[in-house]
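Same chain, two partners: subunit A is paired with subunit B first, then with subunit C.
For the complex of A and B:
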């Protein structure tokens, strides 16, 4: 690992693209880096809240379809391991066949510089999912040794080319020792749930009394879906102007009645709790079946954000003991 | 970014011809032809997203057979925002199409088997595609039986073709309506009891069931009673869709997406998924 002054590190990275730093709210063009997990994950760098798919210009008898402009080069600076894991899981949806060209272009145009986590909170449970505060993810990862210094290493070719790595000294053994000690302490503070249930038992869980009761206090506000680093549902809509139409995609939420409302008036998830159940099922059954990985990173944002005090950890533990009980 | 690599960008197509299927004008058929390319290759049971720019897009099953490549046919029930606008468009209007999307019926698997088609209402669109495909490749399939039910005689789709098919001796067509109707001299009765009466053999047979959920719910027990196994019964599902390519998240049944993994599923597959339709 290289030892670099924070100032130099940032300056070099800003040559690759506009730097967006972790702030309390989200990732923004700010001077200071927030010491903690941001309220918003950096998913909007790959899946913006609103994104133009194309513009259709109408002339007398014809329509001209113009693809949207490619995204600008950006550096996401200080993404935590749970943020990076969220992007990795979201990528599975967008990068599998057929590849999503907008998402792919944004991946190419974004440099992810991740920070090893020193900010455990009571809602964190990332270690449940096979990674943790010391996970090295993204194009470049760093450990914040102090306010002015980082220990850093490139992880991809993109990361290797972003900095003149040869100009910087190697980290000293005592630096690495500090890093090791700090990260071990942080790890101890992060909860690890012991999950071992069969994802194929979806039919026993969805619609069951135990799941229904567990999600009962969800008010379907959708806040968790917007702060969640792995929620990616979107709506497609047409915005009509005088001579042209913009087709765009916007963040959507499975918590809303209209999300699954059909033209006939039928809605498979017309009950409030069915929608909350579906979100839980997606993270803890459907995505594991699709991708062999949980659809949750344990970042804890949903727990911190929920106005009704819902804690997804309680639900998954309840479901696990419910399934165990069904066995015996 | 090359347009043909972008699955979100529709291809321009022209509405060549439209006609009402029912006197109440709720069901309208559209023959649509791509402007800048050939009619794409597809499988019976696949669908397209049809765009009315400025209003949005909706998924419709392709009613033409892969053996009829002059245009794509869709029959649209006037219900929501996009379908209302689509119904108002005059012939010659330009729309957008994306597709074919979805998996389609397993026609290769169906070869050398008896096929029982059970359809209800305006769900007959992709069943027409399947039936025309099988009749065109008639020697590849054994007995073909069709049971098609509608509320009233007026609500059958493709009435002229049904009359033609009824005359053929290589396909057995049974039409039934829910209640007696003046001038109707064919079957009267709901699909499930009529099917039970017809009692098609499950031997070397596949059943394809498409229709309103209530019809499917009561038809399945009849098929099971006749001895059809869940893996030999197929259906085509519908749910609200947006992207049509398994990205936007909304049409899932369990861990499967109707738009991408379906819309055609066997009941063996559906039995493993949650009930969320």
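For the complex of A and C:
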């Protein structure tokens, strides 16, 4: 690990691309780094809220297709392990065959600089999912030793080329010791839920009274789906203007009635609680079945955000005991 | 919100769509909203919604001498009219 002054670190990174730092709201072009988890995850760097795919313009007797502008080079600075894990899970959906070219392009044009987490909050439960505050993720990872110094190490080729690593001194043993102590203290403060789901029993869980009661107070506002780093549902829409049409991709949410409404008029999830159940089922059953990993990173954003006070950890635990109970 | 047909507000992030959503909502809140501030506390994006709701309360008081939620006997604001009501703002 290298020891670098924060100032130099940032200056070098800004040569790679525009630096977006972790702020209270999200990742922005600001001077100071927020000490805590941001309200919005950095997923909008790969999957923006609104992304133009192409513009179709009417010319005399033809239609002209104008491709979208290429995304700029950006550095996401200070993403926490749960943010990075969220992007990793989201990528599974977009980067496997067939690859999403828009997502891929953004991936190439973004440098992820992650920070080892020192900001546990009462809603964090990342350790449940096999990683934690000390996880080293992204292209470069760093540990904030104090306000002006970081201990850092590149993790990918992209990260290796972003900085002139050889110009900086190695971290001293006592620095590494401080890092170790701080991180193990932080780890103690993060909850670890005990879960071992049998994903093949999904049909018993969806629609069960336990799950239904557990999500009953959800009002389907969709706020959790927008702040969640692993929620990636989108809609493709054509926005009509006078003589051109913009085809764009926008965030969508499974919490909305029209999301699952079919052209025939049938809606498989027409009840409010069915939609809330589906969000849980997708993260804890369908995604593990498909990608061999839980679809939640335990960041706790949905818990902090929900206006109805829904806590996903309660559902996680209730379903765990439901599954155990059924086993005898 | 939950309607694609007619599509009142497009789901993108253009400021005019966001504004029209809020204005349509506010029109329907006149006389029902008591300006209690719960929406602002609930908003995950910290949007200062009470700016709109207090303006609504202020206008109702100023133009129609109406305060919502004060008296259980009073008629709903949008369900009542007087011949003397101002209408010079309707163009």
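In this section, the second predicted complex is superposed on the first by the 327 of 328 C-alpha atoms of A that agree within 3 Å, B and C clash if a C-alpha of one lies under 4 Å from a C-alpha of the other, contacts with A are read in each partner's own complex, and residues count from 1 in each chain.
Criterion: contacts are C-beta pairs under 8 Å (C-beta built on N, C-alpha and C of every residue); 3 or more make two chains touch, one makes a residue touch a chain.
Computed from a predicted model, the values in this text were never measured in an experiment.
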item: Clash or fit, subunit B versus subunit C on superposed subunit A; value: fit
item: Touched partner set for A:53, first subunit B, second subunit C, both or neither; value: first
item: Which of subunit B and subunit C A:98 touches, first, second, both or neither; value: first
item: Touching partner for A:130 - first (subunit B), second (subunit C), both, neither; value: neither
item: Which of subunit B and subunit C A:232 touches, first, second, both or neither; value: first
item: Which of subunit B and subunit C A:252 touches, first, second, both or neither; value: both
item: Partner with the higher number of touched subunit A residues, subunit C or subunit B; value: B
item: Superposed model, angle subtended at subunit A by subunit C and subunit B (C-alpha, nearest 10 degrees); value: 80
item: Subunit C versus subunit B - closest C-alpha approach in the superposed model, Å; value: 8
item: Residues of subunit A that lie at the interface with subunit B and also at the interface with subunit C; value: 235, 237, 252
item: Subunit B residues touching subunit A - in the complex, by the definition given at the top; value: 1, 3, 5-10, 12, 51, 53-58, 79-81, 83, 94, 96, 213, 238-240, 242-243, 245-250, 252, 254-255, 272-277
item: Footprint of subunit B on subunit A - complex, ascending; value: 53-54, 56, 58, 61-63, 65, 67, 70, 93-94, 96, 98, 100-102, 105, 200, 202-203, 205-207, 232-238, 240, 245, 247, 249, 252, 254, 259-264, 266, 268-269, 274, 278, 281-282, 285-287, 289-290
item: Of subunit C, residues touching subunit A in the complex; value: 1-4, 10-14, 42-46
item: Sites on subunit A touched by subunit C in the complex; value: 25, 39, 49-50, 223, 226-227, 235, 237, 239, 248, 250-252, 256-258, 305, 307
